[in-house]
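Next come two complexes built around chain A: one with chain B, the other with chain C.
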Partner chain A sequence: MNFQLYPVLSLIIPLLLAPLLYGIINRTKAKFAGRIGSPLLQTYYDLYKLIHKNFIYSTSSSWIIRIGSLIIFTVTVTTLLLLPFACIPSVISFSGDILLFVYMLALIRFMMILSGMDVGSSFEAMGSAREGYFAMLAEPAVLLSLVTLVVLPVSKIDLSVNTLLKMLTLNNFFTISPILFILSISFFIILLLETSRIPFDDPNTHLELTMIHEVIILDHAGLDFALITYATSLKLWIFSSIISHLLIPIDIVDNQLLNIIIHLISIFAISIVVGIVESTFARLRLIRVQNLILGTFVLSFISFIICWI
Partner chain B sequence: MNIEKIQTILLIIFLIVNFPLIGMSRTLSVLKFFIFQGILLAFSAFLFNYEESVQKFILPTLILFAKAIIIPYLIKVTIVSTKAYEERKPFIAFDTSIVLAIIATMAAISLGSKLNFLPNISSHTIAISLSVIFIGMISILGRKNAIFQIMGYMAMENGIFLLTLPLSQTNPLIIDVLILVDVLVAITVRKNAVYWISKEFSSIDVDKLTALKG
Partner chain C sequence: MFFLLSSLIILLLNALVSKIFLDKNKKIILFTTCSSLLSLVVILFSSLKFLLVGTFAVDNSAINTIAVLPWTILDVSLDYPLFELNSISAFFLLPICILSILVTIYAYKYFQKKISSTHPINHNNNRTNNMASFWSAYYLLLASMVAVVLCKSNLLFLICWEIMGLSSFFLVLYENEKAETRRAAWIYLSITHIGTLAIISFFICSNLNDPSLRMFCLLLALIGFGSKAGIIPVHIWLPKAHALAPSPVSALMSGVMIKIGVYGFIRALIASNISINNNPFSNIDFNFSLVVLTVGMISGLGGILMALAQHDIKRLLAYCSVENIGVIYIGLGLGLMGLSTNNSTLAILGFSGGLLHVLNHAIFKGLLFLSAGAVISATHTHKMDKLGGLIKVMPLTAFTFFIGAISISGIPPFNGFISEFLIYFASFKTLSLSLNHPSLHTFTSNPSVIIFITLSILSLAIIGGLALFCFSKVFSIVFLGEMRSKEIAKFLLFYKHNQNADGGTLITLPQLSLSFLCILIGVFPMLVLPLLSAPIKFLTKINNDNVMAEFLSISNIFKNITLTFFIAASMLIILYLVRKRKRIKEGTTTLSPTWDCGYHAPTTRMQYSASSFTATLINFFNHFMYSKKELSTPTKYFWDKNNDNDKAHFHSSNLDLITELLYRFSYHKTLKFLSHFIRIQNGKINFYILYVIIFLIIMLIWSLLVI
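Coming up: the complex of A and B.
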């Protein structure tokens, strides 16, 4: 079976497997704490349960919260259309779609902030302010990382996410993999920030003063909450997929099926690393968060300068 | 792996070490990176000398002793005796100084590509050594703690040394040795000055030193 002829698979695989990543992270954390932990498929059960619940909206909210979660979900799926998976090409790709990619992520965040502010609670406004502040610092880092991919001395057909993520091959592995390794560290920190994992935000806590993501979605219920949870797991998939493409050459084995399986395993391995980070690190103080994001920017900057040298 | 490639890797490590030097608030952690910079400088002194002579081994050894052992030891003694372990309220905040460092690095690179006054110094060497000099300058301007100012001065000195290393194979050895002795004397004087200031005023905050003027 020639997988390159079925680009739609690069959309179907994430849609099916993304909630599994949460299961892997939670299992890893449970192993570290000495517990058995929830089943690997727990997120699927949660989503199934949430879909059958009723909508509840605050009386002070407007239409924004009603369409917010829908927009967040659809934009996330649209972002997935740009992303290739191993040897499977992306569904849509055109020159310069890296900018579209970055601003799709920004649109998701914008809708998240708006629907958080819409319910009129001061807690959600606080979470939205934090999300906006950190995102503002992280966005230059994402853009600079992608620009570094563009200026890498590798021949490229066009400047699309599809081409840029597939440029690491066995031929140029030793030339560009050091730069890509630095970039993947920077992307990993951005992954932790974008999906609100531990050094930035504790997904388990429900203490309003310490959280970012959980406090914004506090007033979402039923299908809305299910859509946002699903969209966040897809976002986790998007960033893990970028990191796995930066670390593993695209033609590591000739067999296409084996290639896809290796990339799947690497994405699951990244989830395990996220779980390990969550179990061994403490949450950063809010004042310190900006230093870490700035560090990410510095990493991207250094890799950019290395391209020049 | 040829010698140019190793030089490039060294320059990249110099660039990476710049950022912890400017972005950390604890003096002892910055001191570790400062020692690392000294070791890097000694290693580059070894690599930048193409000629097989005695000088190829003497100068790196002297740099290693002066910049990675004696000077850090003197600074550490000063830190312990004045208990200046952390910078709390700098003139320029740490985040701002990292942004400034990025801007300074970009300026250094654009300058380095324009300055080609000497044929045997590559533009990369000029750019990276200028960026190290700028980092030292930001450290001197932005910190209140006198220890950071000493380390900023030393970082600047390291940058100047890196810039002149390609020239050292044509220079007589005595000039480099004299510069090293000069720096050692300067650092000893500073160490004693800081120690007596901290003993007299129970602080080495340079902001308070303005009270000294008559």
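Coming up: the complex of A and C.
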């Protein structure tokens, strides 16, 4: 079967498998804590249960929170349209779509902040303010990583996510993989930030004064909450997929099916790493968070400089 | 041309008519509004026709005949056509006309309301008298803005430029009973004249035609026109004047008048004969492009940082104009860099991004100011921390402000994203091309190119992140949550029962049309490309085929963007319908209070305020801010009812670093230096006679020695 003829697979695979990543992370954490842990498919059960729940809205809220979850979900899926998977090309690909990719993520964040602010609670507002602040600090790091990818001495056809993620081949593995390795570390930290994992945010706490994502969605319920949870798991998939493409050469095996399986395994491995980080690290103090984000900028900057040597 | 000039004359006549007759007959205002709308529509269509016909004409003779270099000579003769329409001025006429038409409709209604609702007894007579002058200055501003971009000779340009500055000065003075307003107008007037001084010197210098003065000339143009555009450090008039002028005027000034500064700068570039250069890094042009980029980056970052720290909604929007002017100058700087290094892609894309941002900023900033005006006229306050929850009483205003906020943050699918996309794309494409094409190797050998392009990408990224933060703050503090001030809440309750708080059709219609334009340009960006091609050719003098090839590739990208948006929109609609069906089927949508962590007596004042939303960020950037905090804590453990002074109190304000450091500091230093000379003028007549004698003796000695 020639998978390259079916770009829509690069959309379907994440849509099916993304919630599994949460299961893997939770299993890893359970193993570290010596527990058995929840089933691997727990997130699917949760989503199923949430979809069948009733709608509850705050009396203070407006159409923003009602439309917010829908926009967050659809934009996340649209972002997936631009993302290739292993040998499968992305559904839509054009020169310059990296910028659309980055700014789609910004749209998600904007709606997230507004949905949080809509209910008029200080808790949600606190989360929203932090979300905007940390994301703003991460923005230059993301863009600088993109600049580094663009200036890497590899022939590229255009500025699309599709070509940029597929530039690592066995031929140039030894010349560019050190740079890509540093970049993937910086992307990993951004992953932890964007999907609100430890050390930025603790997904298990709802009422600590330090959390970000979990507090924004306090007043979401039912289908809306399901959509946001699903969208966040897709976001986790998107960033894991970027890292996996930066680390594994695109032509590592000729067999297309095997290629896809290798990428799947590496994405699951990244989830395990996230789980390990969550089990072994403590959440950072809020004042320290900005230092870590600036650290990613420094990492991207180092890789940018290495490009010119 | 005939139509253009007659429209211009109608606008001028309107100014005269409203000055003379408005006091006696208030109906006249309807007549002047209609006639000026008509003439603006005529100007809009003739400039649109010029741009489109010029683009699609089989032979480009129409463009070539007009491509006379303006302003090369200090021209005082008035014998050949005073006005001409070229593609740059036609392009700038678009935002001027679009915004002027809508703002005029808005202002017609806005000031009618204003007269009846504020100061009904005391100032009534005074106000109407004011209104005549106000409308006359308003039409004069419209006419002068149109005239400035049409001027051919530089003497006439200066005259129209001054009329524009003075008429807007009078418009700022509308609420002249406030000392603050008078001060703001005064600062505006002085900065405008510093700018004019620089412009006159630019004309004189460029007339000398001396290559060694080239850099000096270009810098004079940057400062002179930049003072109108509001680049840092000559931006200090902007937040003050725009915050205190009535909202339609701020919309007009912030939306289009500051763009005239950009227009003047572009005309100055054309006059200085900057064109694609066959010897890359001809140093002056290249260095100048670096200067423009630096100015753009500093204005962008400084503007948005200051905007974040503001609590006054209009002052925030005004600072945000500084940021957007910065983005425009980054685009222009990249274009200039492209021209001076013989890189046509960078030149075309950079200038297109800059020019398109001029149009886009006019649209969304006009929209935001008009919406803010609607909020202010309904609530009578500028302070964001007193507002909240307006989305329920002013649904239409909230919707339009939402569109404007997304657009200005540069987020898809609205128009701000498109122009920022072009600027980003210019930089990224240059970086990727420079490595893979050996013919451009000279280009990469100069590290400053790479450094500055990377810096501009980074500053655009930070500007984007901060703008997102800033506008999510404004929208959520003003429109979401619950009303923070009890008095205003009562006030709005009255509106809810009696009339529409949005302010009626004539107030909402201009906002809705502007938000429609935001969506139109954002979703179908290829529509604006034909408008851009003629100005780009005129500006860069790159041959037609190159420009067309570049535009073709851009339009392919834009088609893909549209496709992506359509897929997203259809998904959104399907999802919405599915959810709606589920809601109807189950029929149980519960409304309950916001979850409050078990604390059951929350008040609306407990919500996050504008300053708490940004507090962490302001702390992070505190080296670039000049923030003042006053904190007084209670002295006793329990509140003493009889002692009001013992209440806890906190107040923070963020002052403009540039104003504080550059202007105030230099002012005090100058004052201190000059105070030494105060002894000379001591009021004793015998000393003055002594001065005269000393002077005569010096003259005597000089004449003896020299003659």
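Observations on the model:
Throughout what follows, the second predicted complex is superposed on the first by the 308 of 309 C-alpha atoms of A that agree within 3 Å, B and C clash if a C-alpha of one lies under 4 Å from a C-alpha of the other, contacts with A are read in each partner's own complex, and residues count from 1 in each chain.
Keep in mind that, in the parts below, contacts are C-beta pairs under 8 Å (C-beta built on N, C-alpha and C of every residue); 3 or more make two chains touch, one makes a residue touch a chain.
For clarity, every value in this text was computed on a predicted model and none was experimentally measured.
Within the superposed three-chain model, A:V298 lies in touch with chain B and out of touch with chain C [touch as defined at top].
In the superposed model, A:T169 makes contact with neither chain B nor chain C. In the superposed model, A:I306 makes contact with chain B only, not with chain C.
More chain A residues lie in contact with C than with the other chain of the pair chain B and chain C.
Contacts of A:Q290 after superposition: both chain B and chain C are touched. Once chain A of one complex is fitted onto chain A of the other, the partner contacts of A:N204 are absent, as it touches neither chain B nor chain C.
Residues 290, 308 of chain A lie at the contact with chain B in one complex and at the contact with chain C in the other. Those residues of chain C whose C-beta lies close enough to touch chain A in the complex are 388-389, 391-392, 398, 402, 406, 409-412, 417, 421, 424-425, 428-429, 431-432, 435-436, 450, 454, 457-458, 460-462, 464-466, 468-469, 472-473, 475-477, 479-482, 553, 556-557, 560-561, 563-564, 567-568, 571-572, 575-576, 579, 582-583, 586, 588-597, 602, 604, 606-608, 612-617, 620.
Against chain C, the residues of chain A that register as touching in their complex are 54-64, 67, 70-71, 73-75, 77-78, 81-82, 92, 94-100, 103-104, 106-107, 109-110, 113-114, 117-123, 125-126, 128-130, 132-133, 135-140, 142-144, 146-147, 150-151, 153, 155-156, 159, 207, 218-219, 223, 227, 286, 290, 304, 308. Partner chain A is touched in their complex by these residues of chain B: 8, 11-12, 15-16, 19, 23, 94-95, 98-99, 102, 105, 109, 124. By the touch rule above, chain A contacts chain B in their complex via residues 290-291, 294-295, 297-298, 301-302, 305-306, 308-309.
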